[in-house]
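Chains here go by letter, A, B, C, D and E, matching the order in which they are written, and residues are numbered from 1 within each.
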Amino acid sequence: MTYEEAVFYVIAAVTVAGGLGVVTARNVVHSALFLILALMGVAGVFVLLASEFLAIVQVLVYGGAVTILILFAMMLTRVRDIDGPIDGPQRPIAVLAAAVFLGTTVLAVKETAWRGNTEEATVVDINQIGDALFTTWAMPFEIASLVLMVALVGAIVLARGEEGE
Amino acid sequence: MDLVLLALIVIPLAVCPLFMLIPSQYPQLSRYLAALAGTALLVLSALVFIVYEFDGGSGLRFELQWDWLENIGFLGENGITFYLGVDGVGAPLVLLNGIVIFAAVFVSWNITHRTKDFFILLFLLVSGVYGVFISQDLFFFFFWYEVAVLPMYLLIAVWGASSEFPTFSRPKEYGAMKLTMMLVGGSVLIFIAIFALFVEAGAGTFDMTVLREQSLDEDFQKWVYPLFMVGFGVLAGMWPLHTWSPDGHVAAPTGVSMLHAGVLMKLGAFGILRVGMTLLPEGAEFWAPVLMALGVTGAVYGSVSALAQTDLKYMVGYSSVSHMGFVLMGLASMTQIGVNGAVLQMFAHGAMTALMFTNVGALYDQAHIRDMTQFGGIAKRMPRHSAFFAIAGLSSLGLPGLAGFVAEFHIFVGVFRAGYWWAGGLGILSAAITATYVLRMLARAYFGPLNDKWDGLKEMRLGEQFAGAVLIAMILFMGLWPAPFIDRISETVEMIPGITG
Amino acid sequence: MGMEQAWLIPAIPAAAFAILLIFGPYLPRRGDWLAIAAIGASFVLVFPVLADLLDRADGTTYVAGEKAWEWISFDLGSVGETFEIEIGFYVDPITIVMLAVVTLVALMVQVYSIAYMKGDSRYGWYFTVMSLFAASMLTLVLANNLLLLYAGWEAVGFCSFLLIGFWWEKRSAAEAAKKAFITTRVGDVGLLIGIIMLWHEGPNTFNIQEIIHFAEGGGYGDTYLTAAVLFLFMGALGKSGQFPLHVWLPDAMEGPTPVSALIHAATMVVAGVYLVARMLPLFEVADPIALNVVLIVGLITVMLSATMGLAATDIKRVIAYSTLNSLGLMFVALGSSAVAAAMLYLFVHGFFKALLFLGAGSVIHATEEQDMNRLGGLAAKMPITAATFAIGTLAMIGLVPLSGFWAKDEVLVFAEEEQHVIVYLVLLSSLAITGLYMARLFVRTFLFAPREQATYDHAHEGGALITVPLLILGLLAAVGGFVVFDEVGEALGFPGGFAQFVFLHEAHQFDFQLDTAITSTVLAGGGAVVGWVLWQGKAELAARIRDAFSPISTLLANRYYVDEVYQFAIDRVVLVLGGIIAWFDRVVINDRGVNGSAYIAYFTGLEARLLQTGRIPNYALAIVVGILILAIVMLVTQV
Amino acid sequence: MSASLQWELLAPEYLLAGWAAFVILIELFWGGLGKERLGWLAALGAAGAGGLSLIWVDDAKQFGELADINDYTTLFRVLFCGIGATVCIISARYVSDRLLHPSEYYALILLAVIGANGMAAAHELLTAYISLELLSFSLYALTAYAKFDLRSNEAGLKYMLLGAFSSAIFLYGIGLIYGTTGSTQYAVIGDVLSGDTSDIEWGVYLGLAMMIGGLGFKVAAVPFHMYTPDAYEGAPIPITALISALSKAAGFAFFLKLFAGAFLPLIDDWRYFIAGLAVATMALGNLVAIQQRNMKRLLAYSSIGQVGYLLLGIAALSHDAASALVLHLIGYAVTNLAAFTCVILYYNWTGKEEIGEYKGLAERAPYLALCLTIALFSLAGMPLFAGFATKFILFQAAADQDLLWLAGVAAFFSFVSLYYYLIVIREMYLGEPEEKTRFPTPWLEYTALAVLIAGVFLVGLYPKPVLEAVEGSTATIFVGGELESGEDLVGAP
Amino acid sequence: MIPIDNFLVLSAILFSLGMYGVLARRNAVLILMSVELMLQAVVINFVAFAVYLDPEAFTGIIFAVFVIVIAAAEAGLALAIILRLFRNRQISNVDEANLMKW
């Protein structure tokens, strides 16, 4: 087992641990923190996948924006004071479903003969990514900007308090 | 002259918007318009019937074929065409429809609630009926078939009447809903059968004149024909799918009952003949015994149930079931005589049952009950009304000289000729039972000492008398001189594959 | 004007009917004159037709005349035949006999009716229907094919329905009319089946002569033919009121008396006899069973009606029973294939039975009373009626030399010669009984002290319109029988005499056997005398006998309970069955079947909508499950 | 690899986007402009975009390797823009009475239309996915737009969370397909799949299943439909109309193009699953609809039923079936918009949306009742109206592909559907209104309604022109590009 | 060198965890977080495929970028809606939000 693999397993362990924490923690804030952990783990995975650019994006967008957003939301909705169990009655079925899904997926992953070099990750030059993003993928890029605008407008319209509130 | 058939469909459709333009505070106006349209239709229908004469081939006349949808996907050259044409079987029924709508307009003269809406729906119904009788394209055949069902719900539910009985009650919504759902349910089977037929024929067209040329695989015919048989059978009041008919007729307003029992039920039998037997002769041959059995059951069953009714309208409703049973018997005989009889019976029953409903309606409008046991001796107060009812009844029990006899006689002869002794015997017996309930009704309600409660009854309205007179004229015409009908019918029937002599 | 124009005979009354129906109310005297003129014309027309027939007679056989119009006709493509129904008329001696009786009696009756129906609110309607009846009856008689015959058959039934129910305000009249129509209708089921059977295996035509020819050529299978003719005979049963379908005839007396005279004595009820007579060759070709059935039915009817006649007290009913009696006799004759005898009896019976009814009518007209227990002694007040009635009675009883005697005698001769002795004895005994009740009728009505003074005082002889028809008919009833003598027949211009005339087949002489004649006369006369003795004066004797045999007398008074049986069958069986089926239709087929299937959909929806819990996790679960199922099934099936 | 991009091909989308911004700004700077006029303004923009897209009729261009601008796109652009415009018009009154921030509302509608256009135009999964998200996001926001209406919030939440969840699943599926075929181009995927797939079938099938799930969610196919009734009921009614028309149409445009372009080679593997979905969808939609008491909810379930019929077209995927599907889609969109217009108008007057509260409508607003009746009958597949013709052609197409049984099931359930439509009609015509007063006559809405009904009649009585247009457009989406009608298809039975 | 399967399995695990979270959790925010987790898994998938199988076109990486963007926007919009719901009804548990059912 090469040292990359060792590193991979460590990072993977961290990520999975984080994910597990997110969905099992009894305390919402804890699971938020676990989420950060998982996200960081994923960033590490990106590094292993030789796409540092994504790792950076990941850290900035997620570790920065999203988690903060989520924490804010928690604060505002005072989820701490919410009484009652944190998991729904559906939990056992959920376990089952997730397990079955996992089994199927893993089986599929194993059974599929991926066409190409499955052993060696190729480094993709970040400049190419930049080019592609603004040339080949211009249309999605523009639409994505609209998506952001929609999210923005929608969020503002919905979240902002009105007179008499 | 070529456009006459088109006119038959277009006129009733065209008056609908005209009705809408009439302000609803002038109901009289819409009545006049309705009368106008009805008369026009009667004249045109009569024209079609008179001018029609068989000229070889499939006997189609006044043909008119317009492209509608072709060369698209599965549709080949003239895939779906707006194809009108009337043959010897269609012509009498067109005439019948003209007469009944004409009569129905005058009977409906006293509709005061939402008059124009009523007439709109009524004429929509009529256009559908005409369409079925004269469409030669399977798609449009089915199209108009559904159009004829479309307005029924509102016609019955809005202008109908609920009825209460000691042991049960039949709200008008129920009757209307049951009728609509059963008819549309039947058309589901037709739907499927048409799809299958189209694919199997592989001619890429719905033109029935083309489809009847395709020789279809026998096994295929055997499993598809029952779909048509049952699907159309529902509308033909085929036992045991008849229950919509009595309840529906009872709930419906008089004019609608007339059209419905008089013409609409014929669409079913017509469909079995025009689509089922014509396109799938071998299938028809294979299932003829079943159809015969169902027809006989309906005939006897209907007449016996009618015997047990005290409600006049229910009695008439069940008598319709019984008479449509005769029609099915005639068709199932697959002999020329029997099928002629079936078509004649369609006409005869159409006229006389319309007459019966006219009478029942006229009586109900005054008395507000239909229980024959509560009447008695009202012939004293309503002589014409009683005479009309008696004539209708006598025609239905097959008195020679009236339409019913000619038709039923042909049917029985045909059935015997096809070798169904038991069926023929039972059929004739059920005709005798018919006599029993008709006379029982006359004796109960019309003869005997006048029940003082009905001292105030007046003769039925002139409009109704007029309508009744027209219908009686038809009954007598066909009863005394059936040749014009038979000449037209038989040559066409002769052309239908699978029909033996 | 020959046989080819015979169609005019029914056509004229038919035209009269049409006119009366439409313009009747606006005609002077409601158009009774028109009706009478029409029937009179028909009566007159009979003679040229007869003459024509006689002219065409070569030696001893007659050439029948025929005339037909096509009514329905179309090719049966695949078999190359043609399905044809004609409106055709056929004249032969039997027809002529019927025509004569019908037109003459009808004429008499209608004249009589002018007085009898005077002042009735539906006077005009009466004559309208009468014309229709005449037209249909004559059509029936002249029809050359079974279908036209059936048409006339139904039409006369319908007329009798209208006329029995003429006073429909009376519940009893309405019911009687209904009963008559339905009962005969039951028979007609058989008739129609028989007709269709004859057509089906036959020469693809309804023409009577062709069918007979075909049958005589052995065209039909033996059993098949037997079945067919027996079905035909069912029709005859209904119309001619033979057992077991006789129940309607006595009730039919609810109608006006002239109607009873015309329809329920002289004409319509003998249509059955006429039919069988026409079709007799078929019966002869068919298995002997057929004729025996006819014979036995006739016998039963004879005995039943005769005995029931003893118990009835309504004079019209008594006469009705006597009619049944006579009809039975005719069927016995036919049963022994004695057409001539049957037709002769039919011929004279028309006269004396009409006479009896009209007489009774005159009594009723005079007294408004038809229960013989309240009458009596009328002879003094109404001599003509009494005299003619006496003639009628004696003719019915069958005493020399009145017409009844000769006819009945012929039947007896046949019975003796060709049938089992029992038949003969039964007939003889029935004669005695006939004598009894006819005597009773006459005695109780016309002789001795009146039982109700009021009615008696009120009684008076009717006007000429009533008496003249009585006299004419009385004359005919008296002398009508002499046609049996071939000399008379020839004198009247029938080559070979009446029998020859009627009996187209091998020449058959009326033979007159003294012994038979004497026996019958003695029995009948004796019966009459006994009747006289029993019911003279206050009729204590009769009363005592009645009490002595009370069970029998009640049985007779209740007409052997046949009506009760039928009533029971209708109320407890037919109507109940109808009720059951109606219930089945509503509850089982509709509520279970139709509504049931609707409810299935309804409740499925009701349950299915509960899946929609409104909780996001459940929704998510649904999605996941959906995908897992898709994925797993896909992988399992496709990999 | 980067083709020179012809931006002008996207002119309609730019117009829409710009117009959206314009609408927002104009409200800022010219408050005097009434709320209703904003709606008409937005409608104008949408209509303009629709007109603009007509430039490319009978044209076959490509935008990079991302999108086609051909008849298929044009057809749907016109359809979507039309839907958008209609919704804007019928929203005007409702919005001005009941909602805050009208300009953003209209802007979001226009942006949604862009997303829909993208879904129809894209021939590449990334673009399609982004467009789909654009559409979805706008709809999420709009569903929750009635800020103080609890049901609206709840609907928004459900729609949003489940949407995110399903799009995650969809993405995972895309990932697998991408991994196995090495591309997101429909054509490439199609080529790979028409080759030997035995080595990668595990990944392919799993990915396929998950993509079907994601698309199923978009078009509301059982069992992925769960959010639909709640979203329909909670959302502001015009938005309900928008979801039922726009997002379904766009979903099917995408579904059809993807499966025709990429997955057709495997049709024998997936057709029966789609057929199964279709049956489940028809059954559940129509049966549960019988139980509904709320008009919006009823229409929601009825639209689920309609999805069932539409899936027939996918299951029987062939050129004919595709055309039939699109035809039915058009007919359905028009009819449904008509129905919703009536519902909105009634709600504007009375604020009522329970079926029971429609009683006596025929007395108070005959024209409205008539139009609603026509629309409902058309949805039930009654003749004279669009429903009959389109259903007939669609089912016949399915029967042509040996799916007679499926066509039969569909026919049966469209018969069941008649029942609950009749219930509504009964209320309108038989019920006695509380008060007799006639309703006012809103000319603009009535005109829009008249146009829609006219469309219903046109498709019902003479579908030929429409169908021919559809035929031409659907010919372009199949593997191997242009197809003559009826010609045999790769992998088709 | 790390075989691709490792990453794929990792992503599968993450995805399943997220799926479990969505199904099991009651709180809207937690569900949202679970969705984010699933999206992370998706991203890993894309990137892995891109760098291993499709390094020339590397569509996967582009896809990943967009997914991340979308995910962020999603979070924003979703949280806004959650807040709105909380303001109006003081609830953030999804199973309490069932005004509309059946």
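As a working rule, a residue touches a chain if its C-beta (ideal position, glycine included) is under 8 Å from a C-beta of that chain, and two chains touch if they have at least 3 such contacts.
These numbers were taken from a predicted model, which means no experiment stands behind them.
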| item | value |
| --- | --- |
| Contacts common to chain A and chain C (chain labels) | D, E |
| Required minimum of steps from chain B to chain E, each step between chains that touch | 2 |
| Most extensive contact between chains (C-beta pair count) | A-E |
| Most distant chain from chain E, judged by the mean position of its C-alpha atoms | C |
| Geometric centre: closest chain by C-alpha means | B |
| Approximate Å spacing (C-alpha centroids) for the pair chain A, chain E | 6 |
| Separation of chain A from chain D, taking each centre as the mean of its C-alpha atoms, in whole Å | 31 |
| Computed distance of Cα centres, chain C from chain B, in Å | 37 |
| Chain centre separation in whole Å, for chain D relative to chain C (CA means) | 78 |
| Multi-partner residues of chain C (at least 2 other chains) | 609, 612, 614-618, 620-621, 624-625, 631, 635, 639 |
| Residues of chain A whose C-beta touches two or more other chains | 88, 90, 93-94, 97, 101, 104-105, 108-109, 111, 114-116, 132, 137, 140, 144, 147, 150-151, 154, 158 |
| Touching two or more other chains - residue numbers and ranges from chain B | 181 |
| Pairwise chain contacts, counting only pairs that touch as defined | A-C, A-D, A-E, B-C, B-D, C-D, C-E, D-E |
| Touching residues on chain E, where the partner in the complex is chain D | 8, 15, 18, 22, 28, 31-32, 35, 38-39, 41-42, 45-46, 48-49, 53-54, 57, 59-60, 62-63, 66-67, 70, 73-74, 77-78, 81-82, 84-85, 88-89, 94, 97-102 |
| Complex contact set, residues of chain C against chain B | 70-81, 83, 147, 150-151, 154-155, 158, 161, 165, 168-171, 173-175, 177-178, 181-182, 185-186, 188-189, 192-193, 196-197, 199-200, 574-575, 577-579, 581-582, 585-586, 589-590, 593-594, 598 |
| Touching residues on chain A, where the partner in the complex is chain C | 88, 90, 93-94, 97, 100-101, 104, 108, 111 |
| Chain C to chain A touching residues, read off their complex | 615, 617-618, 621, 624-625, 628, 631-632, 635, 639 |
| Residue ranges of chain D touching chain A (in the complex, touch as defined) | 1-2, 5, 10, 17, 24, 63-67, 100-101, 104, 107-108, 111, 114-115, 118, 126-127, 130-131, 133-134, 137-138, 140-141, 144-145, 147-148, 156, 176, 179-180, 182, 199-203, 205-206 |
